[in-house]
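Here is the structure we will look at, set down as structure tokens.
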Amino acid sequence: MSIDRAAVVAGITRLAAAMERDFDLLNTADGALGDGDLGVTMTRGMRMVAEGAEALPDDLGKALLACAQAFTKSSGSSYGTLMATGLMAMAKALKGRESCEAAEFSGLVALARDAMQARGKAELGGKTVLDSLNAVALATAGVSDPAAVATAAVQGARAAMEAFRDKPATVGRARIFAEKSRGLDDPGMLAMTEVVVALAG
Amino acid sequence: MSIDRAAVVAGITRLAAAMERDFDLLNTADGALGDGDLGVTMTRGMRMVAEGAEALPDDLGKALLACAQAFTKSSGSSYGTLMATGLMAMAKALKGRESCEAAEFSGLVALARDAMQARGKAELGGKTVLDSLNAVALATAGVSDPAAVATAAVQGARAAMEAFRDKPATVGRARIFAEKSRGLDDPGMLAMTEVVVALAG
Amino acid sequence: MKKILNNPVDYVDEMLEGLIAAHPHFYRLHGDSGRVVVRAMPGHRGKVGLVTGGGSGHLPVFTGYVGAGLLDACAIGDVFASPSAEQMADAIRFADQGAGVLRLYGNYGGDIMNFDMAGELVEFEDITCTTVVLADDVASAPLAEREKRRGVAGMVYAFKIAGAAAESGRDLAAVTKVAQKAADACRSIGAALSPCTVPQVGKPTFHIAEDEMEMGMGIHGEPGVWVDKLRPADAIAGEMMDRLLADMPLAKGDRVSVMVNSLGATPPEELYILYRIVKARLEAAGATIVMPLVGRYATSMEMAGVSFTLLKLDPELEGLLKAPCECAFWRV
Amino acid sequence: MKKILNNPVDYVDEMLEGLIAAHPHFYRLHGDSGRVVVRAMPGHRGKVGLVTGGGSGHLPVFTGYVGAGLLDACAIGDVFASPSAEQMADAIRFADQGAGVLRLYGNYGGDIMNFDMAGELVEFEDITCTTVVLADDVASAPLAEREKRRGVAGMVYAFKIAGAAAESGRDLAAVTKVAQKAADACRSIGAALSPCTVPQVGKPTFHIAEDEMEMGMGIHGEPGVWVDKLRPADAIAGEMMDRLLADMPLAKGDRVSVMVNSLGATPPEELYILYRIVKARLEAAGATIVMPLVGRYATSMEMAGVSFTLLKLDPELEGLLKAPCECAFWRV
């Protein structure tokens, strides 16, 4: 089963619902040491994406570009901007194609990770969304069965959260409170884990 | 015994000392319902007058004019301005003369009262310094013996304070709190009473 | 609210020292009192002089409005206290260019007595003086007793219009007449949200509860129309406009200028939110807005709050309002 | 500190509505986001475009400095939040007159990412963009890590100088170069006395005790150098000048401009008291002060506090600083 426009639209629907559900969860996680707006960013962003889902073209590159633009329109926060950046990187890779294989998932996530790293100028290992994406890319590398990709992606994201929980934040607003951040999940990693879970279906 | 430059200088010395003493008394009285600066006005004003006392001319008109100007220089408060106004009125009447009689005292105070009334545009009977001056002018009318003038002036000023204590303020800042002002001495009347007592020696 | 200062008794003198150090091409001190600020570039010989005076703590009022097309000289007292008659007389002496001097100031006891007195002092020197007293605050007395009203931000309009008239070469009677016309065409109302602290007193002059505001309060904290819970911006603006328009109704075709003024701490963001309603109400009345002023034009140091001032224009006033002027705080 | 507003979510849109209603000859909205403010009278064809962007709540920064001889367009976010890349791209599109666009903004994470992204969006449209990031706050990182410093009031100087360079017809490389030179020649430091409230949050963002102040605090309440008892004005000014001059020493003959800026609630009276010391210190260093700016140039709504900014001039920067400019908040 390859990924096409229909699969993308179905994924958007699940993801939008998940973000409505996680509004408070993410705001609270961000509010612990940041400005408490991450739920707002994700909920608003996915609402905008979902509104445009019907009109998405068959070209997967153009479709993901439209999703990226919906995110940039809805918020200027760090996370919204990073999400848009990752989507744009994947969009570029898929330009002109109407389907892709599950086996390509790992590579696409790695592209997003790299683009977001370039955008945010943060290192890997800094306890951010980058570490979630990195773990997902690694966990899904070499896997081609769609169900296995989904399972590996979720496991990778969850394992990264566990692994980084007790490390200090080094990036964004929470960096100022690096010591206090030990023991707390990074809100951006938490959000990405929920994204992966929702996409896995 | 007539009033000449020496008598004026002696009066200034007594008055300046009295106002140093009454600094807190007058500030507190004004502070009850006003802005608490009447002690500042009188102490500063009399310091300026005393500083110029040595240089006062023999012409009583010019001497009192200099006193008035010292008051205007030291403060723009209502009371300082009224004091200067009263002194200027007396100065005009005494222009060119090097002495005057105690019998003229009542008339001079009445001149000051009228000039101050014209300046401040307040009515007699409003529980202000005008009522003190009015009482002093009336009490000393027709008296020519210097000691008797002094006694009558003090009695007049004190009687006016008693008579007005329970009336409401109608002029200046305290007017806003007219009802609260009943039972409290008007600070301007209190100050004028102390002035008269000090001048009486 | 905290203040940045040294010895409170030096507040005004240090403020003036800094003002003149920062803007020597606009302001300088005149005379020996240290409290008379005059134009660094005096008006031409034969120009009617314009002076004002009042307490400190209201920048740009009063001192700030000394400048070309505005005031010639200003006597400035301690915070919220009148300057002395001597200082006012010095201001008048500087301002006189042989054509007489208009005294233009707010309706406060000490200022009135001292300006009257200053006029008498300079009378001996053959300087002719006229007077226009600003009494624009509709909250401080009913219309029937207009002469009792306090002078507030409307004086900025009066300074501007009289200044332009004087600059244009009109004589004393004409400048006085148009200044009086401007004063009569002004209506203001203020709303305070927080008090301010007179430096020498060291604690707030009055108190407003954390969730309350006072409609119609004066710029020194004098009581207003009501104290109530803080209302939404649109409701505040609406009530302020109600009271102004009740006092000076506008008709279709009228031209007005309007000032939406911060009393100090209130930021321009909030003034612009209020301005939406001000504009809507004036337009609903059929009036056209000319040169709206939104900003800090007449303040009480760090007091939070706003005032609105309406100036109803005729062609003469409008021309003078739009004439050029320049000081460190305002340029037209 | 209390605020005058309606629904907090409407704060920025209502503010912009009022701003544009009050000053239609200076500002208008561009595009459909409602958050891009542009010059009502656009620059001439072939002029290098200048854009900025950032959070609301800092008037006149950012939006206020759109105008002739200043910025062409500004994307404005919610209070203290970056606008989106799309909005920035709209601002860039408007600003482009065929000669490319300089992006000039403060060193904050969200703003940087979004402006980078906006640049990529418009790249497809053949608009060339350059970037100068303002990082003038000496309190936020040591000199060795200058690139980590926050951008604060120094951006006003950068807007002015880049704006004048663009207006004079220089090309994109030249405008970018002189803007970078201005950015490099700026040093700022702030001291906060009270917090401010983000409307949608509804309570103060941070806390400063009633008798304390924080030296070096950022304009959103980011931590500073020290928290201590409130000091006398001269001591505050002295320490701020110490830190600025340690970071950028001045020598005899240097020419500098200096901005003494209120963060919002602090009144001009206090700025002038501080200015005495600023001037004395600069003159003691042998420097000549050019065009000092004392007032509210970059604020955080109703926050009490001040910032000082030094701009070391060379003849090129001085000429551009003094060139004419005009917006609703500032005219040179």
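Observations on the structure shown:
Note that the chains take the letters A, B, C and D in the order they are written out, and that residue 1 is the start of every chain.
As a convention for this text, a contact is a pair of C-beta atoms (placed from the backbone, for glycine too) under 8 Å apart; a residue touches a chain by one contact, two chains touch by 3 or more.
Protein names from UniProt, one per chain: A, B = Dak phosphatase; C, D = Glycerone kinase.
What you see is a predicted model; the values in this text were computed from it and never measured.
In this assembly, the C-alpha centroid of subunit A lies 58 Å from the C-alpha centroid of subunit C.
Between subunit C and subunit D the centroid-to-centroid distance comes to 30 Å (mean Cα coordinates, whole Å). With each centre defined as the average position of its C-alpha atoms, the distance from subunit A to subunit B rounds to 84 Å. Subunit B and subunit C have CA centres that are 33 Å apart.
Under the stated contact rule, the graph of chain-to-chain touches is a line, running from one end chain to the other without closing.
Chains touching one another, given as pairs, are A-D, B-C, C-D. For subunit C in complex with subunit B, the residues that touch the partner chain are 33, 77, 80-87, 109-114, 116-117, 222-223.
Against subunit D, the residues of subunit A that register as touching in their complex are 37, 69, 72-78, 80-82, 84-85, 88, 119-121, 172, 176.
Residues 1-7, 11, 14-19, 21-23, 56-57, 59-60, 64, 193-194, 210-211, 213, 230, 232-234, 236, 260, 264-276, 279, 292, 294-296, 299, 301-302, 304, 306, 329, 331 of subunit C are the ones touching subunit D in the complex.
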